[in-house]
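Reviewing the structure listed below.
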């Protein structure tokens, strides 16, 4: 999974019916290429500035009530940035 | 998902039968490596210059009527480029 | 999907039984990191120098008659290199 | 699969119900871009500083008792860093 | 698929039960970022120094007798390094 910070919202009026009801967040990765922003769906209520855990690819489907064309979804809100050792 | 701008069309006469009927768009990513153009299928009617939201991998199948060998598909047309904070 | 040029053939005598019968092509991406050559299976008869459209990951299975351990397959032969705008 | 070193723990109080019970580890890749830290679930009891083998994408599901939105999971603890030849 | 050279073995005593019986090889990619070593399972008997064809993600499952948390597997041993044109 990817740890990232919520840095924006995405609004789309013309979209797939199966995306209706999901918040769409712009995520800035905490590690690796930090300019590699991407969009994740959210049902946990993450807000701008919060650190979140995002799962990707088809594993997103196990966090959804029904199948949807979503390849990244917030699965957790991080309590605090992890302390790294080594 | 990836936010990108539609910068071209792809035409293919000899192709898999299951791709017939889809528009094929060249997408330029808005974030990350912007030279990393890729091709997404489209059923929403996105035009050149529009910003779109694209889902990838097997999750594309949930935006299709029938299964097809498509690993990127437009799932939304973005109202405006997102404002980013932090 | 990825647009690339066919630049070589791969021959493998010792291989999985389920790969028998597929042509294996070396593909040079047209965009992004052009040194990032990869191998795609082909059933459309693409030849050296042709531009092709390749789908990846598990979506390859929807272009196959039977399931096979193939993570990239040619799904179209491009009529001409796309004209890009913007 | 990816070989990496465990360098941290991730704590998340607000998370998907299906993630409850998994340890979440920050993994530093041993090869490639070593700054490209990511998070993997763990059920084998890997500790800080240990080298682990991680599988990704939907193949994680075959290491789980029940389906969960997890795109990286520890599948082995490496006896020692591999000796590389050539 | 990826073409790579076998450069090492990985040994793991504590691992998922479903990985027992697979050889685990360190693979050095022949193209792209050659430092981006990764681990692939093998059932074809590839040896150190041999060039192999590796499939990834969930498509690995079609090369297995039973489902396993393996995201890269050797599907062929290459007869010789491919000659590239153009």
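Residue numbering begins at 1 within each chain, and the chains themselves are lettered A, B, C, D and E in the order written.
Methods note: a residue touches a chain if its C-beta (ideal position, glycine included) is under 8 Å from a C-beta of that chain, and two chains touch if they have at least 3 such contacts.
For each chain, UniProt lists the protein as follows: A, B, C, D, E = Ethanolamine utilization protein EutN.
Being a predicted model, the structure only gives us computed values, none of them experimental.
Between chain C and chain D, the least number of touching-chain steps is 2. Taken over every residue number at the interface, the positions common to chain A and chain D amount to under half, indicating a different-residue contact. Mean C-alpha positions place chain D and chain E at a centre distance of 19 Å. Here the CA centre of chain B is 31 Å from the CA centre of chain E. Taken residue by residue, chain A touches two or more other chains at 33, 57-58, 60-61, whereas all remaining positions touch fewer. Tracing the ring of inter-chain contacts outward from chain D, first into chain E, gives the chain sequence D, E, C, B, A.
Across the complex, chain A is touched by residues 1-3, 30-33, 44, 53, 55-63, 73, 75-80, 82-86 of chain B.
Within the complex formed with chain C, the chain B residues making contact are 5, 7-16, 18-19, 24, 26, 28, 33, 35-41, 48-49, 57-58, 60-61, 67-72.
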